[in-house]
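Have a look at these structures, which come just after this line.
Next come two complexes built around chain A: one with chain B, the other with chain C.
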Partner chain A sequence: MTPLQPEPGGRNPMRTRVSAGIVAVLALAVLSVPLFFPLDQQAVNLRETLLPPSWEHPFGTDGSGRDVLLRCVYGLRVSLFVGIVAAFGAALIGTAVGAAAGLLGGRTDRFVMRIVDTFSSVPHLMLGIFIIAMFRPGVWPVILSIGLTHWLSTTRIVRAEVLSLRGRPYVDAAVSGGASRIRVATRHLVPAVLPQAGLAAVLLVPHAVWHETALSFLGLGLPSHQASLGNMIQDSRGTLLAGDWWPTLFPGLFIIVPTLAIAGLAGAWRERLNPRRRSELML
Partner chain B sequence: MPSTPEASGSAVQREKGPAPALELRSITAGYPGRPPVVRDVSLTVPAGESVALLGPSGCGKSTLARVAALLHRPDAGSVSLHGAPVTGWRYRAPRAQRTSIGFVFQQPRTAADPRLTLADLIAEPLRATRAVPRRDRAAADEHVRPLAASVGLTGDLLTRRPHEVSDGQLQRACLARALVLRPSLLICDEMTAMLDASTTATLVNAVESYRAETGAALLAIGHDRPLLTRWCARLVDYPALPVPASAGPRPPSLRETAHHH
Partner chain C sequence: MTSLVKAPPRVPRAPFGRRGLGGTLLRLVGRRLLAAVPVLAAVTFGVFALSAASPFDPVKQYLGSAALTASQETLDQVARNLGVDEPFPRQWWNWLTSALTGDLGESSIFRQPVADVIAERIGWTALLCATGLAAAIAVAVVLGVAAARRPGGPLDRSLTSLAYALEAAPSFWVGLLAIWFFALQLGVLPAGGLSEPGSDTITPGGLLRHLVLPAGVLAISQMPWFLLYVRQGVTEALTEDPVRGARARGLRERTVLFGHALRSGLLPVLTLIGTRVPEVITGALLIETIFSWPGMAAATTEAATAADFPLLAAVTVLAAAAVLAGNLLSDVLYCLADPRVNPEEL
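Moving on, here comes the complex of A and B:
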């Protein structure tokens, strides 16, 4: 079997390796580049506007003479920061709410799930815009806007998992051994759903990055002078029609490639978590 | 004057001896949306005695066992433990009442949290009830080691997780877990159904030596008549054919069909 051909059951080691490589390189870039190449967010160079890609500026320069490569790296840095914090915040809310609903059951569960349904019925980008409109532009309002609108799917996953686990005999055994509800939750149920919740969080990261760039593109995200992938595409929209493709294309690739790579890694993790596959391996 | 259990009991109990360890009266129990699986069943386990409940698979024995262990609230009927009526089940049962019953499940695989080592599995009731400090491994070990030895678990197995041991070894750990809080009543629901003869013998011996030491009562549930005949003082047959409440005479209660061996 050639490595490019997916294994039966959907495992694709090549995709996983490529994704891991891309994530590693970009992670190194966003962590190390600011140490060597500081970026003055406000600086412009009107003598070097819209230079096409060259050795000096591999991704060219934008309409204000700013280096596109450096701004892409800084943009990815802020996008990933927002994406990761928002996704893990959302997963944390989702896990807490889902575990509480699944554990308490009954009226509490129905009440919580109706709230989840209500939130789900509104387009979450619009809900996010409502939240962001309440604050001055900045990184934290964007994180808040994404985090507060993306906990619903994790809530459903964790609740379903807790509902299926809490009927297990080992929970009965814990009850018989004198465990309180809180002890059962913290000792037996939450540890069991953590891999699922962690996976949900990682799967949310690309989505949160897209949201951040979409909000910035709409002019609702980060302040417009700040290097952010959404801001860069928004800024260079006009020059695209004049044939200057580089200030738009490279930020676009910086959105798509890392998010697909993260999604690829999360997909590989999900396959490892898949209980059916695991049980096959154990047999 | 020697103090006896009767001395603190009521006048009625002084005449009749100590209150039964477990008394189930007219229990009807089942699961939502289905007809009840246990109908109007009564059963008594006298203090310190061993009673075996025999019946075919799927007849409701396990549900009755869960009712008796305060894990499943019956739809009707009453339960009392050592003369004290039970008013709540599961988390609503007082902790002392819940832990006065040791429960061993039929399937050790599903009754063991796959994340805990066998040592943690056995010690978990001690930690849950704060009988030992939760982070004090040495204190828990003091309780776990002798108990593990009494059910035939060697020390190296205690660091393993459930998927690394056999069903028999895991059931030994589950029995040790049921005994770790020194219950005054032990309920074994088909404890040995999955096991080979030598493990069965070890577990039965472990239960009997625990009972000899503490005077605990036993309710053993199963379908293996020769084993239960040798194990328990009294055998009770579960009503073979539960009759729907609306049709025909009501099934005889267990007490009426009980016979001594």
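Moving on, here comes the complex of A and C:
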């Protein structure tokens, strides 16, 4: 899946505000809810299975009598944790590799780009599944599998950016002023590409969340008793066939809404970074 | 100072030199196939390095619970038979040379040659992917042109928002909701598999009915980017001179839209077909799981949970080959569609 790009259409303060509001509410929820409503991951309540949405259980209960809303919040919490760590890890690798390739140039550059091409010829999820297969289920294998497969786009962006910055007058000035290679890199080039790399990292977060849910859905991600959005959708397959839709519907909405909100915020950020867009879709 | 010697008259060059378009395209294909060899070799090498680094013992994986009671001689014998007692570069080389003769090794969970496991399943996956992709492009072209007619209008805004919402929705979730709606609420389509419950025969009509939901969900999950690209391409093409000329000649709106604007607006979409191959494979993997489709997905996830590396390696290489083929396909389509592109430069 291509990382979701922000919606086209230029500045849209309303959308930015709505996105920021949604992100703030969800962030507050995943940070504060565990303080007030602890969740026993293993607990089941067989007297309250599959209750439809009501005041007591706004999103109903699942086939084991667990409150869907509470588990959605916990699921979003672990998904966002995995997504943020994996996305920033991937962006870090990508920035380092891309900056090295762009700065060293020549043979190193060609070699690195060959590796990038090789990596991108394998679908991310396949490679991720392969990495997962090496470990026992858990949070860190999932993070590793997502982080190690998603540094390619950041590498390309940072390399291109470094190549275009290398010829700028201020870099020439620093070089002729006697600055060492390392100083030019750390003082002048890396800080200049950081906004782009940061934007790439933020755009990767929803994508990484998607990967976590997909891996969990396939039964390869987080341990199956843990409340995670992918596990919840996987668990709900049986009850869905009996006609009970709520344990399936709500975890999906908890994936879609944050994804769109983060993409909306990233769009506003990109607007600030680069008001003159070549194309709405970055073709 | 201006030179008094006149510049030689420019001789218009025949496009693509002596070989013509067909010849240069063949050369492009040949060059890409040659370039694919080291990439695929590198992918297999990486896969073998990963399985060598994995803590799972292939002998124990192969024997299952029998490994607990087996004698050391048996374990050694199995290791020799599987060829895993050698260092991994050697194993990789053995695998590569025997893979070239069509022998991909033995799958430990299916107890069957890997080549057979794949041969039984790949046709179904290919059918699903091809139908889904074709449907996605067809729907995206119609909706994209409709959205591009009035950029910023109500139809454009709702279609664009729909595309972004669908792109954010996980395909496996959409698939489950589709089962709930079409198979349970309406009862018009089967929820999965290939044949009616209680029968094993696959009839063409039955296959079609069973294909509608999986292919439809795959199409929905692939449609958003195609829709956005078509919309963007046609919106831009509508401001170009050929379209203005066509309008000035009084051609019908439909002819202008589909005959002129869509033709030049479709060029970026051709590139997208190739670059979407990884996503189509990923989508098929998830959608097959939901609909119990007898393709590669079940084999892949089972191979991953049981650390069946011979099978996983073959599947990964296959996916990589499909991605490279997709890239090549879109370049060839691009050259065929746009006479200004020279295949020598791709």
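Following the convention adopted for this analysis, the second predicted complex is superposed on the first by the 266 of 283 C-alpha atoms of A that agree within 3 Å, B and C clash if a C-alpha of one lies under 4 Å from a C-alpha of the other, contacts with A are read in each partner's own complex, and residues count from 1 in each chain.
Throughout what follows, contacts are C-beta pairs under 8 Å (C-beta built on N, C-alpha and C of every residue); 3 or more make two chains touch, one makes a residue touch a chain.
Please read all numbers here as calculations on a predicted model, not as lab measurements.
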item	value
First (chain B), second (chain C), both or neither touched by A:Ala192	first
First, second, both or neither for A:Ala174, with chain B first and chain C second	first
Which superposed partner A:Leu220 touches (first chain B, second chain C, both, neither)	second
Chain B versus chain C, judged by how many residues of chain A each one touches	C
First, second, both or neither for A:Arg183, with chain B first and chain C second	first
Partner chain in contact with A:Leu46 - chain B first, chain C second, else both or neither	neither
Doubly contacted residues of chain A, that is, touched by chain B and again by chain C	none
Partner chain A, residues of chain B touching it in the complex	66, 69-71, 90-91, 95, 98-99, 101-103, 105, 107, 110-113, 115, 124-125, 128-129, 163, 174, 177-178, 180-181
In the complex with chain A, residue positions of chain C that touch it	39, 42-43, 46-47, 50-51, 53-56, 160-161, 164-165, 167-170, 172-174, 176-177, 179-180, 184, 191, 225, 228-229, 232, 268, 278-279, 281-282, 285-286, 289-290, 300-301, 303-305, 307, 309, 312, 315-316, 319-320, 323-324
Chain C partner contacts - residues on chain A that touch it in the complex	1-2, 4, 7-9, 117-118, 120-127, 129-135, 206, 210, 213-214, 217-220, 233, 236-237, 240-241, 243, 245, 248-249, 251-252, 255-256, 259-260, 263, 279-281, 283
Chain A - residues contacting chain B, complex	168-170, 172-181, 183, 187-188, 191-192, 282
